[in-house]
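Each structure below appears as structure tokens.
Shared chain: chain A. Partners: chain B in the first complex, chain C in the second.
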Partner chain A sequence: MSEKNDSAGLQTHKAAERRNFLKQAGMVAGAAAGAGAGAFWLHDPTGEDGKPKPKILRLPEGGFAVEKPSTAADLGVARGNRVPAMLQGAVDAIGGIGAFINPGDVVLIKPNVAFERVAQLGATSNPEIVSALIKLVRDAGAKEVRVADNPIEAPENCFMRSGVRDAAVDAGARLYLPRPSDFEILNVPGAKWIEQWPFFAAPFRGVNKVIGVAPVKDHNLCRASMTTKNWYGLLGGRRNQFHQDIHGIIADLCLMMRPSFVVLDGTRVMFRSGPTGGSLSDVKMTHTIVASRDMLAADSFGWHELLGRQDEALPDYFAQAVARKLGNPDYKSLNVREVQIG
Partner chain B sequence: MPRKDDRVFVKNGFRHYRKTYDLTEVRIGAVLLLGLAVVIAWVMYKGQHPDPSLAALDVVAAGVTEVKVERAPLPLELTIEGWKEGPVRIFEFTNLYEKINGREGYYKSFGFERLHFVTLEKADDPTTIVDIELFNQSKAVNALGAYNGERDKEATPEVGEQGLTHYSRNALYLTRGQYYLRAVGSDESPAVLKQLAHVRARFEAELDGEALPWSYALFLGKLELSPDAIAYFTENAFGFADFAADVNVGRLEDETELFVKVAEDEVAATKLAEQFNQGFLGYGQAKAGGFIEDRYIQTISKAASQGPWAYGVKGAPDIAAATAGLERLAKALSGFPVPQVESGQDKAPEDALQNTKSESGADPGEPPYDSLEAGEQ
Partner chain C sequence: MSEVIVRPDWLKPNKDNSPWYARVFRITNIRVVCQFVFFALFAFLLWATWFSRLGGYPVSMFLEVDPLVGFATALSTGTVYRWLWRGMFVLVPTLLFGRVFCNWMCPYGTLHQFIGWIFNIRSNKDRLNSNRYRAGFQLKYYILTVFLILAAFGSLQIGLLDPICLLVRTFTVAFAPALDFWAISGNTVIANAGLDVDLGWISSAPGSPEQRVFGGAWLVGAMIIGLVGMNLVIPRFFCRTLCPLGSFLGLLSRFAIWRIDRDVTKCTDCDLCLKGCEGAADPQSALRKSECFVCFNCIDDCPEDALSFKMAPLPVRDQIVGNIKKGAATLFGDQVISKDPETEMKAPDIPKRRWVFAGIGGFLAFPFLRMSKSVNERGFNEKAIRPPGSVAEPEFLERCIKCDQCINVCPTNVLQPSTLDEGGLEGLWTPVMDFAVGFCQYNCTLCSEVCPTGAIQKTSLPKKLGMDEFAEQGPVRVGTAFFNRGRCLPWSMETPCVVCEEVCPVTPKAIGTYDVEVERWDGAKVTLNRPYMRPELCIGCGICEHECPVLDDAAVYVTTIGESRSLDRQLLLKSPKKEGA
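Then we have the complex of A and B:
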């Protein structure tokens, strides 16, 4: 009897042990599966997933371009000595400021203020043109005019030394100097180098028209810096790395920014030792202002007619931009309207 | 067993279950709250009244930290009366782009090591300035190469014992040893030009220089070429392979290039000359007398050797010009002191510069190479 009871007890004990074992094994397996799933879900070998996701910015579809009136020229060229009248003449040739600016517009003007140089040395946009352009835009009814650039050197010094700061402020524009918080990641679909890149975004908030104003300069790497290269001043981050493929990045810039129109500042030309220059001997007075919707046409004009490189092939970035259908550098085939002022 | 009225969570956060409370705790709490209020008020006040220096646009002060930097090799007392000096800034190989993005590659191609930058400002007119840019190019030949590549072709350098100098309207350019100085004035007013002259005097007096490379003694002193016709290739001269390193070139008025490289001994020089000739044959065909005609532009080249010198002509318009150039160079090399062979250039032998041409002596002509080509060094 006792043996029988012992045997039954043993059986019960074994059954309980088995249940316990299966229960515990199930729990362990469940915990292991849960841990594995958690590890899979949290796996982040580069550490990028854990970082806050930056806001991705997109510029308007079609950029800031405006429709071209049928009577407007493709390229407006004004020659003379009176900058405001020359600017007016060049812009009138491509349709007049009224064709670009509507009352209530918020307009961003992007000069080239890359270096801490006085305007006479030709490394930066002529402040007289910046001033005249602001007044022209304000007279057309713009609600607000902004001036912005992200210079190579200390922004305050560059804006001050170039004279652009005083020109902008005196003419009634709002000046934007870059701060780290002003940059956002811009998405440029189809770009080779800057599909996603830090962009000087703050001045663009609420803007619906954009105008570039660039000097004509020799450039050590890309051979010439004009209206297309000017947009480089909107990039942030370690942009100097793009010099490894300078023509590729300029073609990307043409894709990135489709301005309302551009002004090529050919009042003086830095024909050598660019883009910084230094000597007045590197600069010649050319007394010309060009306005165009087509950056490549304006720059091609600058290359041939202002830099005087008629016998040299255009830099490679022209071909790369043309391949993307971003403009027409064959300005002689376009409607060019020239005016002589004074 | 849990009781029904046990509080698992705080159901009434404001209710305390202590019969008494400590007055000290209340006082500490009040002090903390007061402190917090003071901090908030301070933040709000500072937001309304920011430090004016944060928005300062002063040309000299803005963008410059108070960090003291090593001033040397900039001389002291760079300003004349009525001018003041701004802070010194230094740019290294890794951050030169912050100062001259787009052109930094030019200086780097000539062995750039460091840039000292300082602005001199007229005290009563902050728009009248002179920017001092002192590039340390690591070797005298590099400084001379960078200088020549940027020189205004209308400007003829003054040749000193330790470097070249010229003015270009509003700017002064000077080499001294491994240093290349660019002093850029805001205009060409008498005040700026006077300040530039003072800068030149200070650098010539204080900056450690060294004798010009021996190639200047050869091309200037013996062959009487213009200083702007001299170039130096650290490597790959004429697009040739590794053997074409440390090659010195002087250009004649008819575009014929005379080149020289010093070898370890006569045997090495002979071999080098053969290598140059093989290089020329790569895009040319042999002519009588060992000359080689470029098959594309029909110019004449030939290399030869003499003692430890491997030398030759390149780009001569015809065989007669090539022969004349070769003979002229061979004659100049005859008896010319042989410098030690080492990486880079040696200094000019003593007295070798006695016959250097003065600034009025030669038509400056075109610079020997444009900046990009020279930059390929």
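Then we have the complex of A and C:
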């Protein structure tokens, strides 16, 4: 009796043991199969798949340039003292803002805010022009106006002290200061040096018109920094290598960015100690605003008429950009329309 | 039938029929709200310590109301700088009520209490035992003794452990870059998802083009994790054992007029008052006034209503002539046996010989630290470059509390907490500049604005730049830049460069060039602008070093020589009346 009971108990016990074993063995097999499948799925025999793959950005074909109406001049030059009217006059000369901005456009304005200097020192774009330009663009029906630059010195300080921050915000533009997450690798086909380079991409998302606003400055290495050199502020990464071939780099910048138009801020020029300056004695007032589709024409005008270097040959980057058919620095052969304001 | 009024629980009277508001507005609840407000204010002020957020807030206020900062700098300098008189705001309540600061205002105390509360897994009995006084809690008085003696000699070390300095430093060096990191990571995810949201408000450094980094952040981070984690072992470990501000206030609280009082006729010796005692102040026997944080938990927890907060009664020995401690006193000539025990211990319970030992430690610590050839005038690190406006090194060490507010506000990340390398132990966590990380922003004087102790003296922009009435005195120089021609591209590699000259912010530029045309090895002709330094013009801002393309060991670099704050560390022979600029 008890023996029979014992054997029945043993049977039950063994069955339980068997179930337990099968359950555990099943789990082991399942875990092993899962791990194996995972390893197979993630398998990277050369180690290449594990490396980061940067997103490559391309700007639209033909850049942000717009058609030129037949009546428009190539270079609009306004002289005077009232900045909004001068800007209006210069832009009207090259076809009027309506030729560039359509209602609903998202417009990026790129001033030069590279250094932490007050506007009077001429190291940065005149905030009055930035402000007037934003209003002009908004009145033309732009949906959104953005202002962006990647300065050399601390960005918040540069935007604040130059006055560009207040000018932009008060005029209703959105300000873009560079954040670490804002950069993507830009592909510039045909560039000599910056075919792949970190680019301040965030402000460009959804943009369809780009306007550069640059001061006229002496530069220690490339001789003059104007609308072409201004695009330097859209790049990130190891910009301090650019001096090793600054002219080649500026020619690359012309290739990289085809703006809708540029404004050369010749209200004052920094004629020496550039590009930082720092003394009013480095600056002279020239009371001029130039608008142009052709950056080289504008900069050449700046070199000869504003920096007053009539007798000196243009810096080498002009020739390199011309060789790539990126503009015409011989502005005297172009249709220049000058207006005098007030 | 009478109408039944249904009330929510919190509106019902207590068991003893006291009204609902007596429960809701309990003093311990009010204390919690007060702690929350002060903590939030503290966090806000740290968050606001940034160029675009400053807006006139008194961002260093907590450091200024820290009476230990005021007292110790008064010892070391003989003066009370700028806003440090605000220490009175804490001193006066301490003299009236005891260490209220510790459990009502101190953000670090609040952090400890909160962590201890939220991770508490102790049974009531364990909690009771964990709040008994331990002899080890004396340590903070010895720490304070050593710090104050060091301060009197001119080496301010309170900042190593002062809770406000420690917390500000931890935020700046460890927590703020973590916030930035989360904001940057979040922004990347958001951008990849094609959304237009900015997490910059989380970041402690919005508008900063790069993730900020701080030397030795791991150590500062490990310290706070360790110290806060100790609450799981011993509640309020830091406050009870290490805090020099707590011990300073503990010594002062002997004068407090009000204190926790135990009615011995009601007390049943159940020890339940220990359950929530934050300070381990022995409310169940003779109250240790120097340890009590005045948290009022004991009053809350007492089932017999034996505890109250009131004006301390006259000491027993003044009521009865004689020595009560020994149990024998005389009353009108007759010897009586008193059952009234001493109800309080005014001063910390520390044997005199141990004070003496700690004192000797302080006396020895000063020469040990100062003669270590790190911040010594005869042996200093050439890279220990102090922010502009700093006083000369010996005076700097009298003033700097290592709070690192200057480092927090620095827009370019150039200011770094010194590691043992630059400042030795004495200068640990004091601000030094690392031009590999950033550069001194030309028009910026924020570090001098936020410094609570004048280690960096409040410096106006004209004064920093040597303009207007400061023209004769010249600009503030923090060091001088030198060229290492062997690594300089135009000097040794036939490659054009001069980024250094481009970015030099002074006018006329402190970097000039010798322009030569050379034929390169491959036959190409290149124009090289070979830079040289004009030391009379260099202010040591270091932007040349920061922007030099020879990244790892820059071809132009700044060292401390020529810094205006030191009469000794001058390079050029010049009359102090006549500057080259």
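Throughout what follows, the second predicted complex is superposed on the first by the 292 of 342 C-alpha atoms of A that agree within 3 Å, B and C clash if a C-alpha of one lies under 4 Å from a C-alpha of the other, contacts with A are read in each partner's own complex, and residues count from 1 in each chain.
Everything below uses one rule, namely that a residue touches a chain if its C-beta (ideal position, glycine included) is under 8 Å from a C-beta of that chain, and two chains touch if they have at least 3 such contacts.
Fair warning: this is a prediction, and the values are worked out from it, not measured in the lab.
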| item | value |
| --- | --- |
| Combined model on chain A where chain B meets chain C, clash or fit | clash |
| Contacts of A:Gln120 with chain B and chain C, given as first, second, both or neither | first |
| Partner chain(s) touched by A:Asn150 [first = chain B, second = chain C, both, neither] | second |
| Contacts of A:Pro178 with chain B and chain C, given as first, second, both or neither | second |
| Chain B versus chain C as contact partner of A:Ala202, first or second or both or neither | second |
| A:Asn240 touches, of chain B and chain C: first, second, both or neither? | both |
| Partner chain in contact with A:Asp49 - chain B first, chain C second, else both or neither | neither |
| Contacts of A:Asp282 with chain B and chain C, given as first, second, both or neither | both |
| Overlapping segment of chain B (options 134-142, 260-268 or 296-304) - the one that collides with chain C in the superposed model | 134-142 |
| Chain B and chain C footprints on chain A, overlapping residues | 115-117, 152-157, 160-161, 219-221, 240, 243, 273, 275-276, 278-279, 282 |
| Sites on chain B touched by chain A in the complex | 56-57, 59, 62-64, 97-106, 127, 129, 131, 133, 150, 152, 154-155, 168-171, 182, 184, 186-188, 371-372 |
| Chain A partner contacts - residues on chain C that touch it in the complex | 51-52, 184-185, 187-188, 191, 196, 200, 206-211, 411-412, 439, 441-444, 489, 495-499, 501-509, 513, 529, 543, 547-549, 551 |
| Residue ranges of chain A in contact with chain C within the complex | 115-117, 150, 152-157, 160-161, 177-182, 202, 205, 219-221, 236, 238, 240-241, 243-246, 273, 275-279, 282 |
| In the complex with chain B, residue positions of chain A that touch it | 114-118, 120-121, 152-157, 159-161, 165, 219-221, 225, 239-240, 243, 273-276, 278-282 |
